[in-house]
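Going by the order they are written in, the chains are A, B, C and D; count residues from 1 in each one.
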Amino acid sequence: MTALLGVEALTKTFRGLVAVNQISLTVAPGEVCSVIGPNGAGKTTLFNLITGVLRPSSGRIVLAGRDMAGVPSWRFAECGIGRTFQNLALFKHGTVVENILVGCHTHLKSGILEGAVFFGRTRREEIAARAWVEDIIDFLEIEDIRDKVVGTLSYGQQKRVELGRALASRPKLLLLDEMVSGMNQEETEDIARFILDIRDDFGIAVLMIEHNMRIVMDISDRVHVLDFGQKIAEGTPAEISRDTAVARAYFGAAGLEARPAEVAHVGP
Amino acid sequence: MQYLVDQIVSGIAVGAIYGLIAMGLALIYKSTGLANFAQGEMAMLIAYIAWTLAGLMPGHPWLVVGGALVASVVLGLAIERLIMRPMLGEPVFATVMVTIALAVILRAGAMLIWDPYPHALDIGIGRGVVMLGATGLREAQLAAILTLMAALAGFWAFFRYSRIGKAMRAVAADSRAAQLMGISAARIHAIAWTASAVIAGLAGIFFALLYDVSPNLYHVGLKSFPATILGGLDSVLGSGFGGVLIGVAENLAGGYLASSIKEIAGFIVIIAVLMIRPFGLFGERDIERV
Amino acid sequence: MHFRTLMAALLVMASTAAMAQQQGVTDKEILLGEVEPLTGPPALLGIAYNVGTKIAIAEANKAGGVNGRMLKLIVEDDGYVSARTLQALRKLIEVDKIFALTSLSGSGASVAALPVVEKAGLPTMASIAPISQLFQPPRKNVFAVGQTYEEGMYQLTRYLAMKFPDKKWGILTQDDDYGATLKGGFGMTARESKLNVVYQADYKKGQQDFSSEMLKVRSSGAEIFLAGGVIAETVGMVRELEKLNAKPVTAMFWPGRVSATLKLMGPAGDGIYAVDYVEAEDSAAYKAFLEKAKTLVGEAEIKAINRYTIASYVSTRVLIEAMRRCGKALTWECTIAEIEKTENFKTGLMGPVNFGKGVRFSSQAVRIMRADFATLSYKPVE
Amino acid sequence: MRSGHFKESIPGLIMLSDSVPVWVWSGLLLVALALAPYAMNAYALSFLILILITGTGALGLHVLTGCTGLISLGHVGFLLLGAYAYAVPVAKFGLPPLLGFFFAGAVPALAGLVVGLPSLRLKGLYLAITTLAFAFIISHLIIEMSWLTDGTRGITVPRPRLLGLDFDSDARFANLCLLVAVLTLFAVLNLGRSRVGRALIAVRDNDIAARAMGINLEAYKLKAFLTSAFVTGIAGALFGIYLSFVSIEGFPFLMSIEALAILIVGGLGSALGTVLGTVFIVLLPEASRIAFGLLGSQAERLFSLGAHEIRSVLYGVVIILFLRFEPRGLLGLWHDVRRLWVNWPLRY
């Protein structure tokens, strides 16, 4: 099976500080993968590298067989990568619909002049895009807030809008950065269901950073564990929950013995 | 050679005035995050007040200067309390527009209270010529240079050692965190506006002594923008140096290229510098977090 | 609604109204208007000019008005911004419905306003800055009293060239049309008398510091220096030369020939040459004018009086006299014809004013003067 | 009567407005504006023309500052360039006015690209002051290149004749300005609901997220400068024709500030707000003149020489009050009034 995303020996240093160190991982088409690790393990830096926001110091990123070195960061979306951000990054003065429409950007073609005239191709294009956005709104069950300005929405709602915006670009791979942090149980379960539906209905592979172990263990096909910028483990959720290196990274050697109950909780 | 020295020295002299006003600009930017477009107008207003005082108290130069500085303290406090503080929390763009409106008001107000004619500010001192080697400087030019040096040293020490100076840096770095630490942002803003009005006032007085008191004295504020951009909007000391650099650049352009290019020399310099250092020579780069 | 019919009806109404009586004229009143800079730096000239118009009008009203009609003036400020000049003119002509214009703002703005004034056709005096575009080619209804900058500069430099032969010359002018005309006048003399020009430059309008320019003047060895600023700029140049201890023969131009300039220059201004077509302050005619003015306008106005007041006073007097000669049936047509007939009109404050068929500019002889710091005035040279 | 917002098709969703009354009223307003010049006096007409030209220019700035969030203090530079790019070919070389209008848009647009380059590296006030520098440099270049621009003497510009139609009367010219202003407004509104417009807003609100959505920040900032300069340049040409005389002095620096004031007072980021702001700011001096007149001749005489300054002060005070008490601008005020009208006597 050829991997959708291949990360090979990726390294990123900031003024001598090694944030990501020789990390390799793959995501197969139709797979839900998670990246976990304590705070400061380099997870978000890894995401920023994969989405082109940061340039790797060394190593390679291959997306669907294409080496991404030298591809400008704004082209990553065209190449099939969509993402959400750890701290919300919506266009807060726009409505929900407008935000999701921005996600369609790479699939539309009209330029300034065509946009200003709004006739013919542009109009057809916009109608099609709007129909697609309405589908996404239906899918995410946010019909009732579609014309609200996103700045006025609750945190959970904004997260969904961000998910919708990422979906609108029809990505092959979706990167979700701490999607459910700060959500209650019910909202978390909704998101988990959406992620599985995204994979099954749209055929999109998902790579997510998550602190919520329950959702990681419940829906991941595979889990990558990072600590101090290095990958310390990889495997199915069941394998990870048994891995002593992982437990040590989370709780320290002493904690491993002192708090067996919590380790058990990590299990599936 | 003497020609070059003369050009540079008189450039430094006029640059010192730009530098003083630019320091005021940077001080306000550093502590409140907005550019005060009325800085030149503040200088103009204080110069007019000094001129009025000089008419009331002939023969008492120090009383005139002292009175004008008291007036600038009042001006700074009044602007901060009445106009800027209610705008706290509004978008930067809006507050900047408020300072522009303030500039319009001060400009017209000065013409209303006084008149559109140029006047000589004559307080008995400042106009004499001092010889430094073969280069002649007016007393007020020398005073402007010395004041700039004193202000540079003073602000350096202030930010480094004084409690308020450190607090100001804290407010600049993160106003919310500073507030949580018990620092009153409003008080810091009031201090910044007052200090800025005082140095603008001094610059205005020097300028009026050297040239004249007239409604277009505020033009000097326009010159201090390149100065503060060159030095870095958030760098008070850098802005002071920036003023001197702009003054010298202007004079060299006027002395060796064409006189007509002199007035825009400062702007050409900053465009060149900003292309290489987008945050000025001494400014700090914003660090973005994703 | 038939739009065209409506328009036609309106037009007919408008034209019949015009026939009955010219706009701005009632049985008791004649409405005059003027546009000039009353704010911003050029206000120094505009306000003084405005006072001159006020004095001329007050004088006429005191003597019973023009054929029994009182004169009333509406003043508009344009801040020396062309767009505002245009708007002010449209207001005066269309809303206030004035009878005649006593001023048409400064040079650039007045050129921009010409098409509007010419189209309206009302009698217009444009004497604040009589540049050649105002009367070349002549417009039927636009008159100017005074002298062009070119001619003034030509006369000034010719005088200096004869008095100080074989000297090195320097000239610094403003980078606008005012400066360009000064340069033009100087160029004529320079070619004619083959002057040795060692320094010539433009400064940017609004410039305040002239240190680099004056250093250049000094190092160029110029012995005669023409300071082509307005007021603050000329003062700046002269004081900078004083600081540098450079003492060329210095000359300036009439916008700067006001006592305020001398006061600002201090002793350094003593002996500076100037040129003007308006009488100097110590002449009998000027003093008499000042005495008369004190009985006609307030103290604030008296303080604002300078040479522009005289220019305006004379120009407005010409207009008033023409209206008087028209008698009771006051129209634009008649007033314009009467201004044209103005011949040898004397006020003592300038040379006699003359217009004629197709002549729209009353060229005034200029005089060379020298500044006297002790009395803050200018005295004609022999 | 309509009740609520129910739309039955996707095209209905993306229309500028699906409300019949809005279209009817806009149409009537347009007809009124087209005919009014023939019934107005020249003074009132000059305000109408100024509103139309200023509105076009302000919409140009709106694209850059309102939509894309790039502050420009040097927009008067684009106005100047537009005016000269029209005046030089048409008045000096006798080229057809239509070509002149093309230059009036194209030349500033090219300059916009040049000025836009620093915007790729500079932010906020640094950029604002760079644009300020640009405006000074442009006017310097115009003076220096006197072989082409006649330097400080200025160029007299005749009223144009376009496609066989004469625009020599003010009323006709007002029609031309109306046409340009309405086309500009439509273009800007359309841009706002299309891909490019959304991308500009995305760049303004969150540039990192915008990039993640596949938006090329550099290209779009340059596009914003290009579009903005193009529209502003056309407004500059119209302004030059209105003045009938193009010179540096006809375009004072204050115009840049006025344009920003229009955006702020109208409501930043909204094209309709820009229109409201234009009307307000252009009429403000006249309104204060009338207000001052109401105080009676006594007050007028008291300030015989200071009336103009009092008006300036008033102007500044109104702007400050607006920013202080209605930061959403006139558009926000309008929404409040409308809500009050619909809901009264209930509060909401």
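Definition applied: a residue touches a chain if its C-beta (ideal position, glycine included) is under 8 Å from a C-beta of that chain, and two chains touch if they have at least 3 such contacts.
Bear in mind that the values here come from a model prediction, so they are computed numbers and not experimental data.
Comparing the CA-atom centres of all chains against that of chain B, the greatest distance is found for A.
Comparing each chain's Cα centroid with the centroid of every protein Cα atom identifies chain D as the most central.
A count of C-beta contacts for the chain pairs C-D and A-D puts A-D on top.
Chain B has its Cα centroid 49 Å from the Cα centroid of chain A. If you average the CA atoms of chain C and of chain D, the two centres end up 36 Å from each other. Per-chain CA centroids place chain A at a distance of 42 Å from chain D. Measuring from the averaged C-alpha position of chain B to that of chain D gives a distance of 32 Å.
Of all residues in chain C, those touching 2 or more other chains are 39, 47, 175, 204, listed in ascending order. Residues of chain B found to touch two or more other chains are 108, 111, 260, 263-264, 290. Residue positions of chain D touching 2 or more other chains, listed in rising order: 140, 143, 208, 308-309, 312. Chain contact summary for the complex, chain A toward chain D: residues 51, 53, 72-78, 82-83, 85, 89-94, 98, 101-106, 108-112, 114-118, 122-123, 125-127, 130-131, 134, 147, 165, 169.
If you check the complex, the residues on chain D that touch chain C are 35, 38-39, 41-43, 45-47, 50, 140, 143, 151-154, 156, 239, 242-245, 247-250, 252, 254, 304-305, 308-309, 312.
The touching residues of chain B, counted against chain D in their complex, run 29, 35, 83, 86-87, 90-98, 100-105, 107-109, 111-112, 225-226, 229, 233, 260-261, 263-264, 267-268, 270-271, 274-275, 278-280, 286, 288, 290. Residue ranges of chain D in contact with chain A, taken from their complex: 5, 10-11, 13-14, 186-188, 190-191, 193-199, 201-202, 204-206, 208-217, 223, 226-227, 269. Chain contact summary for the complex, chain D toward chain B: residues 71, 118, 121-126, 128-130, 132-134, 136-137, 140, 143-144, 208, 257, 260-261, 264, 268, 306, 308-313, 315-317, 319-320, 323-324, 327.
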